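All chains are identified by letter, namely A, B, C and D, in their written order; residue positions are counted from 1 within each chain.
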Amino acid sequence: MTTQFVDKVDLKYEFSAKDACVARVEPGEEFTVACEMAYNGGLVTSLDAVIRPEDFRYPFFNPMTGPIEIKGAKAGQMLCVRIKEMELEEFGLTGLAPHSGLFQEWIFERQERFSQFKPVRVSDGVIHWSEKLKIPIVPMAGVIGVAPAFGSILSLDNGEHGGNIDVQEMGPGCTVYLPVNVDGGYLYIGDCHARQGDGEVCGMGAIDIGARLTLSVDVQDRPTRMTWPRFETDSHIGTVGLGRPLEDAMRVAYREMIYWLADEHGFTEADAYMLLSSVAEGRATQIMNPKSTFICKVEKSLLV
Amino acid sequence: MTTQFVDKVDLKYEFSAKDACVARVEPGEEFTVACEMAYNGGLVTSLDAVIRPEDFRYPFFNPMTGPIEIKGAKAGQMLCVRIKEMELEEFGLTGLAPHSGLFQEWIFERQERFSQFKPVRVSDGVIHWSEKLKIPIVPMAGVIGVAPAFGSILSLDNGEHGGNIDVQEMGPGCTVYLPVNVDGGYLYIGDCHARQGDGEVCGMGAIDIGARLTLSVDVQDRPTRMTWPRFETDSHIGTVGLGRPLEDAMRVAYREMIYWLADEHGFTEADAYMLLSSVAEGRATQIMNPKSTFICKVEKSLLV
Amino acid sequence: MTTQFVDKVDLKYEFSAKDACVARVEPGEEFTVACEMAYNGGLVTSLDAVIRPEDFRYPFFNPMTGPIEIKGAKAGQMLCVRIKEMELEEFGLTGLAPHSGLFQEWIFERQERFSQFKPVRVSDGVIHWSEKLKIPIVPMAGVIGVAPAFGSILSLDNGEHGGNIDVQEMGPGCTVYLPVNVDGGYLYIGDCHARQGDGEVCGMGAIDIGARLTLSVDVQDRPTRMTWPRFETDSHIGTVGLGRPLEDAMRVAYREMIYWLADEHGFTEADAYMLLSSVAEGRATQIMNPKSTFICKVEKSLLV
Amino acid sequence: MTTQFVDKVDLKYEFSAKDACVARVEPGEEFTVACEMAYNGGLVTSLDAVIRPEDFRYPFFNPMTGPIEIKGAKAGQMLCVRIKEMELEEFGLTGLAPHSGLFQEWIFERQERFSQFKPVRVSDGVIHWSEKLKIPIVPMAGVIGVAPAFGSILSLDNGEHGGNIDVQEMGPGCTVYLPVNVDGGYLYIGDCHARQGDGEVCGMGAIDIGARLTLSVDVQDRPTRMTWPRFETDSHIGTVGLGRPLEDAMRVAYREMIYWLADEHGFTEADAYMLLSSVAEGRATQIMNPKSTFICKVEKSLLV
């Protein structure tokens, strides 16, 4: 039996249960999904790519492959999306965009002459940043999420359904937990990065790149107090909070982690709260999307 | 010649150049400093310690040892404070305080019965959190800073002079870079932690503990565009930003790192900014002090 | 010729150009729109109304009447929605909701016994708050907006299209300026208030109430740099910014006002910026929706 | 008996109980205080004043006249500072400063040629903004506060002691309520404005100007739950909150107002909270100081 392949045709810019599913998979079945580079797709196929500002048309960012139906998934349950492998394309892109990112007036302030766009070659496990600097890749999927129960949500936005959350941990070896809002789950994925720094600060984001992901999806009962996306790696459990300012996103992530520790690992809530104050790993993984992402992680070795 | 020992007598609650120095050291000289536990000192000398809310009197938090004069340091230069070793006392303290931390109404909301204070034993390299859970220590100094040029600053506050910045990296093996605002430097140190989680969220902070630190301090010319504290470990260089909300603190830390990469490592500012978007490690190390701390780190292996 | 009446049937919870228009009006034509009270409608028809938490079902808040087609309006133009009159129903509602508003843990913290919902009678121009306290009404429409060009937006959300912006000025005598994103304009309106305090802080909002509004809508060319909703009263011109934290919303509102003063009133941008620092009136009209609202107003008497 | 006059000599840049008082007044005694223009004083004595960036030396902003001892004031009580009259000097100043205010990169971004400083003549009750535009004055004192119990606080900072709070209501006719932290009260005042817009957004602030204020100060018992400055005008009672982001400042101001309404005006806390949601007037009066100011006002006519 061959692995099902979901190609990057009929790309989507909204999460919506009104979409027709582009594939159907069984729980546990391994399948492969091709994802287009963020920003309208096909922009960079060589280092000489000519990129024009008018190629960027709001809100058509983060083209997604999907929705993918998970057979038997019922509203109220939880998807466990296992990312097994990621294979990156050869050219990636980053750049500076005015009115975006951490320093929104950077370009005006500096009055420098520089290329606003920086295409890079990605091969042999490294990003060829410059003649001298080769940066090891840390591949990840920036957009992963499901259709909401009512209405539609843009692929550049994020929320309890996941979406444009940009968490570096969500690469090979990671299991992402997402709510099932409608029967069938309706999973979408896209916006892969060869590597991303915390904050994704520069306005165009990390090293955007097309990719193929090998996935499998299980369905489980949803933990009683799980409202936001969660994830798990070999070493850590993690929660995702979204909001602005970062304090709001942080509160979501830490609250969800207290619930997780209390509901599934035998801590009282008060003890879990104090434990986080002593051992939590918390990072702002992006600040450029409509809501910023803050994650909270705890080492599994502390969950005795 | 014996190592100079600076005991924890005449503790300070302000950074001020009007203070008389409690010790004088030569640049490069190794010396030892004893620091009292945060919160008025001497609160916890056994697990049966009785701690009363009235023991906490604003603004007398974070008692500091200092000021220490660094001979020959001139205003406008930079201190390079090398933390060589830390030896912790046997009992530490954490706890929940109302109207403080990430969830300020936690105690009211939960209406739980629990000990508001949690003393813990620290020995054999672990924090004895519970019968089952032993947490490896990661010692650090929460308060480290220098006197300002004018006026005085409380030990619970923080700013360009350093102060209550609570960065986990500032333990053994770390060099902390601080401005020299007045001749002699006037270094203060205190508020040690056996371990601290990101955010220091629970309102009383991490595992507060008394400690002895072995230090040496060098004096160098200050980098042209260094305004805020910086640090260096074996693997990383790092900048410290302070502000509220976290976005403001983050902007400070990332801007300082761009300056560092541009001024000392051959990047253009634009390239440094894009590089951070792909490789920066950024964390909110505390959100409970008057200004929150955001750090930005870059691996030295990328500074080719 | 009789005035067209648009009844509150087929209420909407999304702004979407896929909706069929419920009415069509000519530019300048006077017409009347009936709006349902926020929160699912029909909740309060007497002071003895029984209101249950389960009557509130996310995301079905702020039922809207619309869309109303404005004949001839072309994408890229601007609607000028003139609110001529508002007639309120007899019963309004406010209340405290946990995890909402300025003090989200209020109910838990206080542990008080009080009615979570406070229905009030509204008659003779006053809100009958208590036996002693009668509060003069200041009627307004909380939700006013248009369909976006792509996708759909919930009625509880807000943005460049308007939506749940909750500005007290948007009552009788006010002209609201909105972008035209799709031909026909597709205007929606709802969520009327008998009176609203700045911040709309208590979690359920202001005095929610059903109402009938008499409106007319003109179509004009859109000012070059108008991106966000604007408004005008007899005495002031005003801009609306949306975002979190409030600083972000404020920046939007003040930037739009600088554009307005520079593009239409002869100020240089620098002079307009300094002028705002000396004369702007700025308020946070609500902080409970997904993005908070900050408005910036300037007296027309200063526009010489 | 002549009115005591406190001249602007020996100006202060810190609030500190270690200062020697420059004057002593009886409770209720009318006296006059001369205040220097913000920014080192004496900068602008004609429209041709030459102002150089190097005239601005951190932290020497907001020179204050004081401390003034209020005879008999005991720590724990409250000062009621009545502002009776303000007489302005003839020249005021505003301007744009890089890295300050709402749009911190404005100057870089715009690359405009304009005077960074804008001196204006103030006479006949108006600010002579331009040939055409004359703006009516609304005089106020930007800095008003008292010495803290421990340590010192810069005149450019603000907090529970008052300080650089920049509230437009604090002009003639206003009574400002401040805590007494040390016997004698130790009142300081300065930083007068001919007029100030909400937010004080442009980086150098409002129309800074020297002034003479006629004051009297009464001493009363401090309301049990008063922690932050409060004020009262003919028409309103008001509270002052300080913090960043604005949401934090807003929470302080609204909480203090709930306390005031509950403790002195017969509302339950829950009813006071809901009342604010319907009638509060809330504004961000400045966003350029270390902590931003949010005020909450309620009309006295609603306090039946």
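Just so we're on the same page, a contact is a pair of C-beta atoms (placed from the backbone, for glycine too) under 8 Å apart; a residue touches a chain by one contact, two chains touch by 3 or more.
All values derive from a computational prediction rather than experimental measurement.
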* **Contact-richer chain pair (by C-beta pairs counted) among B-D and A-D** => B-D
* Structure fact -> So the chain most remote from subunit B by C-alpha centre is C
* Could you tell me the distance, in whole angstrom, between the mean C-alpha positions of subunit A and subunit D? => 47
* Structure fact -> Expressed in whole Å, how far the mean CA point of subunit B lies from that of subunit D is 34
* Structure fact -> Shared-interface residues of subunit D (touching two or more other chains) are 110, 245
* Asked: In their complex, what parts of subunit C are in touch with subunit A?
  -> 13-14, 59-60, 150-154, 243-245, 248
* What part of subunit B is in contact with subunit C in the complex they form? -> 105, 108-111, 245
* Residue ranges of subunit B in contact with subunit A within the complex -> 94-96, 101-103, 106, 110, 112, 114, 118, 127, 129-130, 132-133, 135, 195-207, 245-247, 250-251, 254-255, 268-271, 273-284, 287, 292, 294, 302, 304
